[in-house]
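Naming follows writing order (A, B and C), and every chain is counted from residue 1.
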């Protein structure tokens, strides 16, 4: 009892035309969706590149801003670049060791229940909106003391921590157990095994995870707005004061009515975007390479 | 070579003997089929006629391209990137390998049961009815589901729990469910790629019974690495083996294709003889 | 995780002569402290936010949540989250409505349709969209998107579909709830699509083959097998996307126009919980205003936590379900 009719072609399938049309329509929609995503990306990057490139010059990086300037004296956003360097650098110094230690604890020591629990906590921390982290750090470090680069760094460190931990955990999990067994079997104590044998294997992965985390927070504005934004135009390296940062500078310039400010905002955005793109792509490429190296051992 | 040999398997007398060759109707004609992955051929130069309402078995050592070969019949190899095919397979006279032929239409007529049971994450009833509904069979759904499950020898075991998840069945039951799913859409041919290799002997027997009972409605082509199974169920048997090519590449080749009894008791080719007597493979 | 079991096991059954080394204790304590420190940190965050909001909580209690008001004039101060809750709801929900089909389409494209050569580049491009900082999207939003919307799209929508209250009279600057919705859609699109893409990649190949072998088209297979299988994960992806949308402060505040607005006109200005905080951070003149802003943050935090925990629960549940895909022995 077969369904095909005894027509000219043995492959007569009823409704096939309509079904194929629906299928083709859906395929078209999927192509369209992908095209839209690529187009959006293209438009945004093109806008930033076109408008930023014209204002992009060395002054941007080396000269401080001159607020309310009525002359053509060269000005730039040097204070923001310096501030970002300091704040993000300090944040990395805070987040990196803690993140690695957390990952070591969860992967090497913790029983399954604690590991699941703290992983969940890390995911929760990751999901806290950046502006709420800003409120938290404001209440913790700014109230009574005033804004500071330290507060900004701490806020960014809170954002980086889950990212560093998670990527370190992933890379630790890739290190084969045979390595641990071999070392423990020789009588090497566990702390030595972890620090001297396991960890060096993972340096590459940790590095890329950190770079990705840095790329992520380099553009983070919200918490800095609340804890590290009342700044003057001078170039300042001291984290005890609030320091200007690139994302906050972009934010403030974008809200200004002055087109010259807009131009500088585009230029800063271009630099920021280039930094993030290069580090993200580079880190991902490094991550794939290190992952393959470890897994192949 | 007309002397009979002692095969390692006992060939049971066909319960329904095969009609004489003149009255067999061919449903597939394979001509010069090469199946190639990238640059490596899996099978080369296959010439074969598959006959309607028979069970045809494809046997041979592992790596001889049996699975690849059977997947050519329903264009499943199209899903694998880098796959290429030369030669033709004619189904009722129409070449189904051409790029102008829609694989969706081919698969409608030529169904497949896979090596590992792969029921959908749906209820038992929906597993069988989903295909029907999508393909446009909208009337008497429940009756058709019952009929398919009965033909697959699964109805009695599941009739009280049709809404239960298909994943709650045992492996043998899941495989029979997959068979029911395949025959529910009323194909012309059912291809089976080692359907019982993941199952225990009892489940295997059920599936073999099923093939025997449904032979008059469908044509079965079964790939099996189990010679005993081929001897039990198949009317025609095709023996594939691995040959060495000119540049040292290995590929599968059809060595001999004949009535099962002949393959197992009086094969023409020494390679067939070696295989069925257990001298290799 | 085999390694943790291995070492935990080794500790439970030390063979004779194996002492617990000082170094082991130190490492475990320090690392453990870090891990539990993370928990303390999260609790501290919740506590500090509640503490910061306390003056407003004490003054207004729960009535704050739905009150539509924001009057910082000294002597007649009155604050409420109602309009910002509305703004958060309307922007995030519409962004989700726009982003979901796009994200699913992209994920399906990348897993089912894309020819090998463009699969990797397009995947990388979509991930790159996720890497663009919100302030840059906001900058683009104010200076490029908003003018275009103001001059062409919004008037057209108003004339063509003005009978729908959503498309009321357009504003003057292009900064509006509508612009914020577009910006949010752009921001949550990569997250939702990359989670869905990984989901679809994880669907067992033989399940898809089983469907196609019946003679179904690719779309029928997707609708019948891929979507039901990935149902839980898609839901989690949507919730995570929504959580991201409600938490976005910077890009939204740059383009949304500001104001206390509860109404249907998408072209009006307004504010969300997050954008209000970002907008008013420096202007908070009184303790009550600051506390009220933090109260907004508290409400935002509660919703974020709910979304996050809900998504995690769904992921855990569907992981368990798919852990028993095969029925086992015959």
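The rule is simple: a residue touches a chain if its C-beta (ideal position, glycine included) is under 8 Å from a C-beta of that chain, and two chains touch if they have at least 3 such contacts.
Bear in mind that the values here come from a model prediction, so they are computed numbers and not experimental data.
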item	value
Centroid comparison with subunit C (C-alpha atoms), farthest chain	B
Highest-count interface - the chain pair sharing the most C-beta contacts	A-C
Averaged-CA centre spacing for the pair subunit B and subunit A, given as whole angstrom	52
Separation of subunit A from subunit C, taking each centre as the mean of its C-alpha atoms, in whole Å	15
Computed distance of Cα centres, subunit C from subunit B, in Å	49
Where subunit B touches two or more other chains at once, by residue number	104-106, 108-109, 135, 185, 187
For subunit C, residues contacting two or more additional chains	215, 217, 220
Residues of subunit A touching at least two other chains	13, 19-20
Touch list for subunit C against partner subunit A, complex	1-8, 10, 21, 23-24, 26-28, 30-39, 41-42, 44-45, 48-49, 51-52, 101-106, 108-110, 112-114, 122, 124-129, 131-140, 142-144, 186, 189-190, 193, 215, 217-220, 222, 240, 243, 246-250, 254, 274, 277-278, 281-282, 294, 297, 300-301, 304-305, 307-309, 312
Complex interface listing, subunit C residues touching subunit B	116, 204, 206-207, 209-217, 220, 224-225, 228-229, 322, 324-330
Residues of subunit B touching subunit C in the complex	74, 76, 79, 81, 104-109, 111-112, 114, 116-122, 130-131, 134-135, 167-174, 178, 181-182, 185, 187, 199-200, 202-203
Touching residues (chain side subunit A, partner subunit B) in the complex	1-4, 9-11, 13-16, 19-20
Touching residues on subunit B, where the partner in the complex is subunit A	91-94, 96, 101-102, 104-106, 108-109, 135-136, 185-188, 217-218
